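Should a chain be cited, it is by its letter among A, B, C, D, E, F, G and H, assigned in written order, with residues numbered from 1 in that chain.
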Amino acid sequence: MTEEIIIAGFGGQGVLSMGKILAYSGIMQDQEVSWMPSYGPEMRGGTANVTVILSDSRISSPILQEFDTAIILNQQSLDKFEKSVKPGGVLIYDPNGITRHPVRKDIKVYQVDATEEALKMKNAKIFNMIVLGAFLKLKPIVKMENVIKGLKESLPPRHHHLIPLNEEAIKKGIEIVKQFSVN
Amino acid sequence: MTEEIIIAGFGGQGVLSMGKILAYSGIMQDQEVSWMPSYGPEMRGGTANVTVILSDSRISSPILQEFDTAIILNQQSLDKFEKSVKPGGVLIYDPNGITRHPVRKDIKVYQVDATEEALKMKNAKIFNMIVLGAFLKLKPIVKMENVIKGLKESLPPRHHHLIPLNEEAIKKGIEIVKQFSVN
Amino acid sequence: MVEVKDIIKEENLVYTKSKILTDKVFHYCPGCSHGVVHKLIAEVIEEMDIQDKTIAISPVGCSVLAYNYLAVDWQEAAHGRAPALATAVSRLMPDKYVFAYQGDGDLASIGTAEIIHACNRGENIVIIFINNGIYGMTGGQMAPTTLEGMPTSTSPYGRDVKLAGHPLKITDLIAQLPGTEYVTRQAVHTPAAVRKCKKAILKAFQNVGKKNGTQFIEVVSTCNSGWKLSPVKANEWMVENMFPVYPLGDLKG
Amino acid sequence: MVEVKDIIKEENLVYTKSKILTDKVFHYCPGCSHGVVHKLIAEVIEEMDIQDKTIAISPVGCSVLAYNYLAVDWQEAAHGRAPALATAVSRLMPDKYVFAYQGDGDLASIGTAEIIHACNRGENIVIIFINNGIYGMTGGQMAPTTLEGMPTSTSPYGRDVKLAGHPLKITDLIAQLPGTEYVTRQAVHTPAAVRKCKKAILKAFQNVGKKNGTQFIEVVSTCNSGWKLSPVKANEWMVENMFPVYPLGDLKG
Amino acid sequence: MAKVRGAIKVDVEKCKGCGLCVVACPTSVIALSRDVNSKGYNYAYMEVPEACTGCANCGLVCPDSVIDVYRVKAGVEA
Amino acid sequence: MAKVRGAIKVDVEKCKGCGLCVVACPTSVIALSRDVNSKGYNYAYMEVPEACTGCANCGLVCPDSVIDVYRVKAGVEA
Amino acid sequence: MAEYRLMKGNEVIAEAAIRCGCDGYFGYPITPQSEIMETLMLRKPWEETGMVVLQAESEIAAINMVYGGASCGKKVMTSSSSPGISLKQEGITYIAGAELPCLIVNVVRGGPGLGTIQPAQSDYFQAVKGGGHGDYHLIVLAPASVQEMNDFVALGFELAFKYRNPAMILSDGVIGQMMEKVKLSEYKPRWTDEEIQKISGSWATTGKTPDRDYHVITSLDLDSAKQEIFNHKLIEKYKTMAEKEVRYETISCDDADYILVAYGSSSRICQKAVDLCREKGIKVGLLRPITLFPYPTKIIQEMAKRVKGFLSVEMSAGQMVEDVRLAVNGKVPVEHYGRLGGMIPTPNDVVKALEEKLINVK
Amino acid sequence: MAEYRLMKGNEVIAEAAIRCGCDGYFGYPITPQSEIMETLMLRKPWEETGMVVLQAESEIAAINMVYGGASCGKKVMTSSSSPGISLKQEGITYIAGAELPCLIVNVVRGGPGLGTIQPAQSDYFQAVKGGGHGDYHLIVLAPASVQEMNDFVALGFELAFKYRNPAMILSDGVIGQMMEKVKLSEYKPRWTDEEIQKISGSWATTGKTPDRDYHVITSLDLDSAKQEIFNHKLIEKYKTMAEKEVRYETISCDDADYILVAYGSSSRICQKAVDLCREKGIKVGLLRPITLFPYPTKIIQEMAKRVKGFLSVEMSAGQMVEDVRLAVNGKVPVEHYGRLGGMIPTPNDVVKALEEKLINVK
């Protein structure tokens, strides 16, 4: 099994840490993983993306042009990465702020209203966990228990009390993700 | 014609400028010349030497291991360069301060008491011109008129009034150089 | 009652962007002091009508892309070396208005030798020194001007003066060099400060015309990203913490 | 009448070469100040009995071969970088007496950033700064400390301050850095000056034991070769011309 | 007697919502919108336009030079 | 009453004839020789040995550390 | 399992330094490697192992601090990225000339000049041929994974001390910024003074004790004859390294008709390209040099006897390809494929280049 | 006759700079090349041609002054010797990356590190392969006589401006310190502002006038795709140079069985070695590369078809020999003979090496 994922959005949306938790989850179930961010000069704003690979065997290139799954959190990223999803692959996006929606018909497209849901849950910080939940619903490649372990590893101990909240958010994501029909 | 010369002595004895005048004289009679000094960090004292080549044809290596003529002005230089004179070549030295005299019998050895003569002439600065005279006596490879021209070119104009004095010194050198018999 | 739409008319315009500024959107973080200082330089160039005589040198730092924003000829220096470039330009084209724009890492750390010697030689240039007490561009590392106890990514527990030394008041040293004519420390956190800072920049550029030495303007600045504060809070923090160490005012000239 | 041969006896010896000095003959020109300062450092090390605790850093300059003369462990720095080496040594071996020996080209020109930052960090080291106003080793070029009007091989008509700036009083800047504990300016042209200078060096080394900051000793020196004067005349010239610009005395501590 | 009235025009797409103009305004004219522009910033706007005197303080401090300030002398109001 | 008498020993081969000791000597003991050593330097020597007080000034200023200074307390001379 | 961590290559360098008993790190921030110093500062190893961590005023100061520290027989290191490494060249040649062990990490970004902060491999020549003046070489290790970022810190120090020669880890923005799972090394204590005496006691400046002559660390010899002898000593040292220290990895080379030669992040991409080729039925193998100096010349010479061609894949305009050519010496064609300026080749790009440049050539 | 002067190579560099209309020199003293700046200071060209001469605070400042001056379309230069050139590497790669013309003189001395101040040729790699980071090249000219020290100043500037690329004169202590007779160039006036407009008006920072967009001199492009395009532009430029600018001299090569390849002062020694060989009846020729970048690869490839072997003679541990090998590509043996650390080979040494390494090999 190899799953090649791109997660892309604004800096500050938790793109990198979502990828990190996913990768850690993979390690928890003894997989090979890689996490390769885009990086630039340190300026607030702008876009960020990370390529995450989970695999049962040695990972060759950590940099990819095509992905099994694209997790898309803003318009620029959608414009950039929609075409990079492998035929038959999955694209998950948060429709908030999106004016030009996905058009590909050879892939499976899903929406997750994570922004809205995070607002409802009154915690912007769990936005990315809701998105992660959506992904896990569609691609249950890591077990929830391993995600929780991954969270533990990637969060500093002083933030461990937030794990239940994160778990809740993931579950919310699993719950609210819905197919988007391209027409 | 090619004449390959080493001039060696203490820094301050005018070794480099003697070589320069000789080289300039060569230019004055349309020869090819090269002048290659030893160099080191800038500290008073120590030894200095310069390799001068005058030739009717293009000069290949400006650095030599063997010389037609060695002009030697102190003990260290004698110790170092006596063996570098080509068989049949010429070694000219000032015996002042020399305790171990030349020993080679396959070369022609000459003495010039330039230190003493310069003292007599009450001008330490012409010491090297006396030595040059000695050389020219033995190897009249440049004409006196070209030496004078060479002097003019190598001395800054404000020192041109010293040229007659230098000429006199050269003549003194021509006069006093004498063969030294190695036994 | 005057309506807003009646006020917003060409003929009533009293403040707008300098024509020296290009249309490009600053890449700076929201609220970054760099933008304000850029604007002031642009206004001075515009008012002095020296666009054709200005040669600007940008540093390596957040303002590395400053050349995107002011429509004057630019040279992009190596990190810390802007004063060397400026020296050559000013000597080779003595009638130009040459200014170097530098951050605190650029000027007071890697470029210490270059700034001291350019100022000591009294090069006829303007130095604009943006002291935000941090390395903005590379992600908020400690600068020589970082305050005691101030956390940065390379002093996560606060600058420990035992390990890293005290904040370097480089402007105080610069002021003592006979080559500098005008040395001042400004800020741009309030409208009044902005006005004063602009006057200082204007004076510096005007002085360059008289060729009496180096003009040095430190602008005590915020890097809200590096400081991990909102822009407004960053200004407050600066007033409270930076100003005591880097008091505003003219040091010379 | 006591005969000389009766006086010259082991038991009457009152002054001789320090045991820390090796048997090698200094490569320095006759009368060069470097020799005197070497001797004083040797005497201090001997008197403090810290040969095994001393780590010396030599610069690139005439004193590049200083390691031939003092029997302590030496590191030969790159030109201008002695303070960086000294910083690392002192931090990695905090109980050592680390000193860097630097010329004026080395310290005040190419090495400006390194000396300012080492002093600003307050590294626990001694800096011995030989200011002879010239680049001795490379044949007498202008140094940052060369006096106005002073001829050198790169200012053959005398230093023109319009082109080259004023002599840089780097020690004055150093004294203002909070990291320095003791900053003094000495000379070695007379027996009295030699005695004073030695006291300063002793104090500096002793201070290192207390770890309160950087010790900085400028020795206003002659380079008779570079100055093209006899050693005796060079001392006179120094008193007349160097001292007014570089007045002797403690600047700090 | 004439009173000075002002107004500002914010380049909404270029405003980064830093809020510096908000605190700089002596008459509390400006606020940040709840809406965001296409870059995701809550841009500045005149919340209390009638209080604006056209003093240009907001323009002076705006790091992104996105505020134009206008001023007129208006007649006394009732 | 005891008078202090001194003497110096110069390492002639290592002396560079700089003359600094000559001017440093308060009692003008030292001069430079007319002879040179093997390096060509006119080395220092005691020209007026009886004037030496062993004050060590010469030693202090000698850049090449080639002067040893000796001192004794001697009886008053006639 | 629990022993694995998910970390960035840069973070791992810092962690590995602490764990291998490094005595001192001296650096200056630059993207994409600032996390090395940041991680160290966060970890505060001075409280734990006594390791010194200092942010220097510049790369030049940093490399000269390393010079000073290495002179004391200490395990010291620095890290930077391309422009900073260019600034260190004088210091590096001094350290090589003084025969000192130390570790230098270059997390390469695109050049020339300020260039870009994205990954590149265009500093190969500088690292391998000598960017500083004079005849010297660094030991150059090219990690291709985060795990190797860990492993090569200790290995770099080991080789550096074995040969009294500076070692460089030539990494790039990909390996520095990416996270992978990594098994960190066990903690090794820093060397005690006694151990330093044993290892480097014959030359290190630790203070002259009565039982030994004083030590001098220098790269200077004004006497050219002696300087030449010293240079020959260096040459001999490099020869020994070439005999004993060459490291490389081969993947699917045994039956290969064509060999991709690639190091670091390029080799990761080439691994996938090998798979793609094999799927297509093209017999391709990958030679991954691990030591770039000494270079795996012999294995290439041997391969050259039986393969049809080599393709050197580098994120550069063609640098390592020269070393491949020098090894192959005309036996079979050697071509180069590269992406530049921070761009990263794709496995498909590599396959295409192989076909165009070597396979489909009449 | 009267037009000939007897001058040191270093002095000639200074004189040639003034005469070719150089606008500015920025340097820092270092042996064996300090005479360049000293001669300039004595000549005071600022009074004569307006040329600026400035002693910088360091080599780093000097190269960055050159960077600033070159950005203005001015003819500017610097000079140094090996350690100083190492310090300039960051500046050099910036200048190459910003595509600026300038002249850099390296009067090479022995390394590594502080090494010796005697002549050497061990900076070949640094000059030719790129001592700074990133994919760039300098135009490298190797004078073998004082006359060429004169000629290559103007030539260096000419090529630098033609290609908007930094040019380097790679000389050494022999050529810098020796005097030979030299015919100095005629005085050419410095370019006027109008001429600069014509030559460099499309890019130089001379002040933004209303008739043009403003100019930016930079080597930065954060967008890797654009940076890659730029890198390809550089590669194309270097290819053009390789086609058009290769310069070399051949002596007695027509009937030669063996070719000595040597540049700069080594070539002078090899000239004599050729004579010695011919006296002995060995047919030897000398190929003297004048441009080291671009390298005379083609002529070597041609020669390789008919000669029995090449000997690269360099005052280095074997650097240029790699370029000879790359050209010969295995056709015939290529060997290296070198002296190191400031030592200079003798013609006899060269003959002996030729016999041992190439002729008497079974």
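Throughout what follows, contacts are C-beta pairs under 8 Å (C-beta built on N, C-alpha and C of every residue); 3 or more make two chains touch, one makes a residue touch a chain.
Since this is a predicted model, take the numbers as computed values, not measurements.
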Minimum number of chain-to-chain touching steps separating subunit D from subunit E
2
Hey, what chains does subunit D share as contacts with subunit F?
B
Dominant interface by pair count is G-H
Averaging C-alpha coordinates per chain, one finds the centres of subunit C and subunit D separated by a number of Å equal to 38
Could you put a whole-Å number on the gap between the CA centroids of subunit A and subunit H?
55
Just give me the whole-number Å value for how far the CA centre of subunit A lies from that of subunit D.
63
Two-or-more-chain contact residues of subunit G, please, as numbers and ranges.
31, 54, 57-58, 60, 83, 90, 94, 98, 113-114, 117-118, 218-220, 222
Multi-chain contacts only, two chains or more: what residues does subunit F have there?
16, 41
Two or more other chains in contact with one residue: find those residues in subunit B.
40-42, 45
Write out all the pairs of touching chains, ordered by chain label.
A-C, A-E, A-G, B-D, B-F, B-H, C-D, C-E, C-G, C-H, D-F, D-G, D-H, G-H
Residues of subunit H touching subunit G in the complex:
60, 82-83, 85-87, 89-90, 93-98, 108, 110-118, 120, 122-123, 125-126, 129-136, 218-232, 234-235, 316-317, 319, 322, 325-326, 328-331, 339-343
Any idea which subunit H residues touch subunit B in the complex?
1, 4-6, 31-32, 117, 173-174, 177-181, 265, 268-269, 271-272, 275, 344, 346-348
Along subunit D, where are the residues that touch subunit B in the complex?
27-30, 62, 64, 136-140, 225-226
Give every residue of subunit E touching subunit C within the complex, in rising order.
5-7, 9, 14, 16-20, 22-24, 41, 46, 49-50, 54-57, 59-72, 74, 77
Which subunit A residues qualify as touching subunit G in the complex?
20, 23-24, 27-28, 30, 32-37, 39-42, 59-63, 65, 153-154
